[in-house]
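One chain, subunit A, appears in both complexes that follow, with subunit B as partner in the first and subunit C in the second.
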Partner chain A sequence: MKTDQLIPRNALVWIIISLFTLVAPHLGRIPGWVLAVYVFAATWRIMVYQGRWSFPGRWVKAGLIISSFAGIYVSFGSILGLEPTIALLLTAFALKLIELAERKDGYVLLFLGYFICLTEFLFSQDLPMVLYSLLNVTLVTTALVAMHRPGEHQFNRKTIRLAAAMLLQALPLMVVLFFLFPRIGPLWSVPIKSHTAKTGVSDFMKPGDISRLGRSGEVAFRAQFEGDIPPVADLYWRGLVFSRLEEGAWSSLRYFDIPPAERRPGPVETTGEPLLYRVIMAPTQQNWLYSLRYASPASGGVMTSSDYVLFSPTELEDERLYSVKTWPDAVLEPSLSDWRREIELRLPPQDNPATLALARQMREQAASDAAFVDAVLARFRNEPFVYTLDPPLLPGVDPTDAFLFQTRAGFCEHYAAAFVVMMRAAGVPARVVAGYQGGELNPLNRTVIVHQFDAHAWAEVWLGERGWVRVDPTAAVSPDRIEWGLERALTGQGSFLADTPLALVRYRGVAWLNTLRLRYDALTYRWQSWVTGFNRDQQFQLLNDLFGGISVQKFALVLLATWVLVLAPIAFSLLRKRRGHRVSELERHYLLFCARLQRVGVVRAAGETADEFGTRAARALRREVDEIERISALYNELAYGSAAHGAAGPDTRVAEFRRLVRRFRPGRN
Partner chain B sequence: MQIQASIDSAVAEVGRVLLGKEPQIRLALCCLFARGHLLIEDLPGMGKTTLSHALAEVLGLSWKRVQFTSDLLPADILGVSVYNRNDASFSFHPGPIFTQLLLADEINRTTPRTQSALLEAMAESQVTVEGETRPLPQPFFVIATQNPINQSGTYPLPESQLDRFLMRLHLGYPHPRAEREMFQRRQAAGERVALQQRISAAQLAQIQAAVGAVHASDNLLDYLQRLVAYTRTAAEFAVGLSPRGALALLECARTWAVMQNRGHVVPEDLQMVLPAVAAHRLVPSGDYAGDGMALVELMRRNVDVIRS
Partner chain C sequence: MGSTVSHGIRQRLRQRFAEWVNRRIPPARSVTLDQKRIFIFPSGVGLFFTLCLLVMLLTAINYQNNMSFALTFLLATLFIVAILHTYANLSGLTIRALRATPVFPGQHSEFSVQLERGGQREHFALLLKWPDSSASTVNLVERDTVQVHLHMAVGGRGWFSPGRLLLESTYPLGLLRCWTWVDLDLCALVYPQPLACPELPGLATDQGDAAATLVEGSDDFYGFRNYRYGDSLRQLHWKGLARGQGVQTKQYGAYASRSVWLDWEMFPGYGTEQRLSHLCYWVLVFEQRGEEYGLRLPGFALAPGLGDRHRDRALQALALYGIERKPL
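Let's turn to the complex of A and B:
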């Protein structure tokens, strides 16, 4: 093994450091023993460096590989899927360290390191993760730089400074490429994250679903309004419409459950100025998107269902940005089709007899459907109903009866479901709507932050010409929930985010902490709207705005021009640096002489003097012996002789030299 | 022209006792002409002492020889004051160092204390004994020989003291033909061939004056600076050439040019003296397996003679 192929100590230190920083963000997803493999591999390699242990033999290596595969299989139950493959990659990465002997092994390891840095983005593209990845890239680059500095044994920071400088130089190019490089669709699809649960509201409602969300402080989505933000009490973010009640669970209509003629939403008359806002949703692994009613999508890839809910044809595996126009006063479906009316009235026939009886009786006493709605709401308000996230369990049989006449404690979904059952029982078309209500206003960037605990369910009732009208029975029971949010509604119960004591949202009371949190949230919003939400459509839009219209030629031109703009100054400064010592005319011509000889296969070595080279060239090119000797001798004299030499002045001799070189055209012998 | 002839004859004269070593003989002469001290390093029996004796004789200098042993003391070299009972005073008995040419045999077999006494005298051309400073005769040369440092019973000279020697020469095994000729002479062991003086004191002064007049062009100084810069930046070097080392290199190249009867220095002169002048001043870095000579070879190969 040649000494210059060895890994210097400094590089080894950087490699081991970057190995651990690379695996750190994955720690939550990989079994603990993988980290043990890292410690083991690092220890082994350090022992090898100190000369106490030797590199592993072939059988040891084979054993390690097989046991890693077995370990992954045992830990995950499979070696396919995203997490197992990444755990396998990380294990292999660690094991590669113990066969790191020469520089070429170092290359393999470090280039793999860049790839591993990329795998973190499969799980999170948040700002902190990106900053952390930049740190990782810097460390890996530092190790790469250190490998090329064989003289440095002492661990030092000079290397990281150089690597950081290199990356800083690459930064403008990175930004340009990010915004301008054509966004090609995925060439292959990454296997779905098998172990990540679907989050947010689910597509059917069982009792208890929303109270589970009520305990989560995660952000569901953020919305940024262009004009004024409507009052919080009016922010009903519709996500799903539940029209079907079967076996105690509410569910939404599937696309193919709807007759073809009804699959598209009916036309809606809109008047007045719409609300304009952009929503950035956290990944849910689901299809539906949230919006205020009546919403019309203003960006591509978003569709409207027959019950006026926005959805995306593909599941939301990453953050999603979309723009929406909303006319809050628009009338939805002033006339119902027979099929729709039948669906929105259907109830399981024998269930909840007491509720049905009560509803029919109340409808008879009311003058109209609207009056009936008011009467039911009044009943919720006046009877001793309680709003709580920890309601007593309802029986499987006739749950609405039990809720209305016995327990009388529950939260939004109980009230919404009971309300809709009563409406339907009395022959008024009604349905449950699930989504989020309210949100937190961030005054710093005029966004509404909607958390998981803002999840809500309410009802929509069809009132003839007024179409579908939103009715929130929860507001009748607990007005605080709608005016002030869940936190206020649960004051004194202590169940708000009870399971996550560290969630920052819990500490809204501490002013500076709250400002800090909101500031960070504003930053996150900007990050999501500019970076993670920057997709092909956004890029198209940007290019359109910047350069007006898109064509392939224009695109290529812009890309090229930016490259030139970024690279030209660098190239120019390099050129200037090289010109720092000026090559004299004499040397330039001598180098020309060398170049011409090189073309016929006589190459001057760096340490070769003019005489030696001349002699060698003369031996190779018999025909040009005289010229080569004259040029070499003259160069020697002009370059090293004292100025007093020769009868003619040095200027005329240089001119002679120049003439000789220019006329010198060696041919192949 | 006359100088040239006498140098050639001096080389030939030394060549009578040291066969087939003309390049080394020329380099040794170059070192002395450049007013430098010479260190000859090789295994025992390679002709170190023979070369130093022969040089002293052809230069016609007064010379003394000291065999360095581990119990040699500074006073043994510098001299000592002895009480004279007749006139009740101390009188100084100069040591062997008071000569024009001192042959210090196996310098690395003595203790550092004695070594430094000698090396101080070399640097300053004077000795201080018992508070009195006495100048050494002029010219003053030291030709030291030493065994390779990894031999047992040696006290290796530190870098700072190696630097006092302008050149370090290796003799190496003789060419088979030269060795054959040596066998054929059937010279009795210990029999000494008397050599003639070939270069007079006046000629020596003349050569030394000529060295000062040699022209070193900008192009050549550029090359020298590139060589020096390379030793200071390349990863293989732990210690590069000091300014003193660079000056020594230029001085030797100038002298070599005079010996070639040329009024200006060419890159070949630099390359010629480079191994002898630079190798003992360079220290390889820990990752580099080569020694000083390998480093010199790197310099020769990697530094471009022509600026490009």
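Let's turn to the complex of A and C:
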């Protein structure tokens, strides 16, 4: 083992610091014992450094590796999948520290550290996480630099300066590469995030499912409109259509439940100018996408289902950006197929007898389906129904009967479900639609921010030529909910965002805090749409706008030009420094002294010492003997005597020397 | 057959390279490093790092993860920026040849060089090494100069040239290796191998007493005189010096009276190297005994004397006998 290949102490400290900062953001998704391995590894390595313990033998290392594999397997039930792989990587990272002896071990460890930085991005690309990762990269780079400074046996905080400077110099080039590098599709399929909880509206609905979302202040998606933003009361973001009621739960039709002829959406006649908007959705681990109806996708990879909702063939693991065109007035399915009519009318035959009886009776009294709809809404409006996030629990048997005739308190899903049951009972095709309603307008960038608490359920009724018509029974019970949002609707109940007391959205009343929050949200939107959501379409458009088309020559030219622009100043500043020869204040003033003597004819010969020159000058200039001798003696002392080696008060002596030289004007009188 | 051909080609290439380097970096006592003299290339670690970057790029592509792209590109450009920093770590350094200690064949000579920085930039992990010497790694952080001593086994009599000095560094990231080969025009003097012979045939003294042999008990001490430059340290009167009597040399009068000439002609019929080896042996013997001796070689004569300087001059004459000049 060569000594210059050993890891200096400074590097060891930086390595251990970066080890812990790297594992920190992963803590939520790895078993707790992995952190224990980190503490264990760091302790062992420090003990080795202090000479108390020795490096582990081959069998100990093998044992550690096998037991960590076993540990991962036990904790996750598998070692395949993204999370177990990362846990394994993190454990290996810690174990490598124990046997870190030479530089080559250090390279393996630190390059693994860079890779661990990257794995964090697979889970979050939010701005704070990116900034934190940048810190991590700086720390790992610092450790790399420290490893190449032999003989630093003290922890040195300043090592980080060079690493940070180098990364700063690399940043502009990185930005250019980021926007220019061609984005190609995945080359092969990779392990997916199997253990992340699904968020947002789920694919089936039981009473209480949506009200749970009312307690969360997370952002579900953001939408940016090209033109005017429609009134908040009209923003019904459709996500899922529930046509099937089984065992008290609503669910959507599965693809293979639909006959092949019905799987594609029916043709829709569109007239007039559509609304154009872009949506950036937070990852949900589910397939559906939200849009206003009637929506037609304007970007690739988005499909339309037979009930006119948009979905993605793959689950949303990361933020997803898509563009949509919407014709709000288009008529959906003016003629209904027999199969569709049968499906949208089906009810469990024995359940909710009181509701069914009521519905049939009300339909008989009404002149038309539309009048019947109005009558049911009027009933919700006039009877003492309550809109609440904390409704009383409904019984498992005949829940709709219990809701309509006893508790009369519920959240949107209760009203929507009860309404659809009544419609179907009376022979009017109807279904539940789940999604979000409304949203918060951010005036800074004209986006609509839709939070989880905007989750909503409403109904669609088929009214002959008018097709599917949206009916929102919640609007009848609580008009505030639709007009002003959930917070206003629940004033005084205290259940709004009950689970997230610190969510910034709660403090919308505090003006400056609200401005700050909206500002940050606008930044997040920009970040998501331009950086984390940057894709091939955007790249194509950007390059087209900037350089008027893409060709290999232009590509190379831009790359070369930016690199020269960035690298040339760096090279200049690095190489200029070596030319600037350091002349201390002392030397500068001594040279001034010599120059003044030269003016009166006393020239210092090459190789003449200060002493010799002083003696000679004193002999030549009788009048200034004292001054010359004092200056020469002081220079000798400051340059070569004890003062030159950091003895007390050299600064004041240098100042004195400076004063003497400045006042020295030989041969004037 | 094929291997000999390729061997020949390799030999020729190596020679071409050596000639090219010679033209590019001619020998000099002191060399300041600039772009003409510095070479830079990714190190093994750099290739490994590139491999890691490829893995990261594949991950970014397969997960369609933009921040992973960004990180990969940041590290790739860090690699590019590191070229400048690695280069700057060597640039502006001045390497100065100081000295090489003369030695006998088979011994290790100490080659001393001095590294000097041109500005205030900190230089780290500078590795200095001759092809067959020990290596030394130094920093230039607080001081402007640093002296480096390297040891190397020397060859036969004459001037020993250690070849080109390698100065290399992979600072700051280890991804790039920056190096230079400088010929410092620094040679070690190698004395002849001392070869014992039991007696000195035809010993020549000043008095012409050719047959005189050495007398037993010849190290009789008789007095002091003031130290003269060149006196052997072994004969210094250390105790007197400690008592504050000034620097004095012990005088051994028994041999002061007669000076011995060590002569090339003493070994008729011997080969050149053997003659030199025997002469060398006797120089050392006389020096150790403290007897004055002179040296006479064809075309060279050194008047009798004694002391380290005298011995060194004698040994140098023996070492360089028949050698015209320093090899370049």
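One rule holds for everything that comes next: the second predicted complex is superposed on the first by the 520 of 669 C-alpha atoms of A that agree within 3 Å, B and C clash if a C-alpha of one lies under 4 Å from a C-alpha of the other, contacts with A are read in each partner's own complex, and residues count from 1 in each chain.
Note that a residue touches a chain if its C-beta (ideal position, glycine included) is under 8 Å from a C-beta of that chain, and two chains touch if they have at least 3 such contacts.
Remember, it's a predicted structure, so these values are computed and weren't measured experimentally.
In the superposed model, A:L162 makes contact with subunit C only, not with subunit B. Shared-chain residue A:A606: touches subunit B; no touch with subunit C.
Of the two partner chains placed by superposition, only subunit C is touched by A:I570; subunit B is not.
In the overlay built on the shared chain, the residue A:R616 is in contact with neither subunit B nor subunit C. By the touch criterion stated above, A:L6 is placed in contact with subunit B alone, subunit C being left untouched. Look at A:M174: by the touch rule set out above, it reaches subunit C but stays clear of subunit B.
In the superposed pair of complexes, A:R29 makes contact with neither subunit B nor subunit C. Residue contacts after overlaying the shared chain place A:R149 against subunit B and subunit C alike.
In the superposition on chain A, contact of A:F534 is made with subunit C only, not with subunit B. A count of residues in subunit A touched by subunit B and by subunit C gives the higher number to C. Subunit A residues in contact with subunit B (one complex) as well as with subunit C (other complex) are 4, 149-151, 581. Residues of subunit A that touch subunit C in their complex: 2, 4, 103-104, 107, 111, 114-115, 117-118, 121-122, 125, 130, 133, 137, 141, 144-145, 147-151, 162, 166-167, 169-171, 173-174, 177-178, 181, 183-190, 318, 531-534, 563, 567, 570-571, 574-575, 577-582.
In the complex of the two chains, the subunit A residues touching subunit B come out as 3-4, 6, 8, 149-153, 581, 583, 586-587, 590-591, 594, 605-612, 636, 639-642.
Partner subunit A is touched in their complex by these residues of subunit B: 215, 217, 219-220, 235-238, 263-268, 271, 285-289, 299-308.
Of all residues in subunit C, those touching subunit A in their complex are 45, 48-49, 52, 55-56, 58-78, 80-82, 84-85, 87-88, 91-92, 117-121, 124-125, 127, 135, 137, 139, 170-174.
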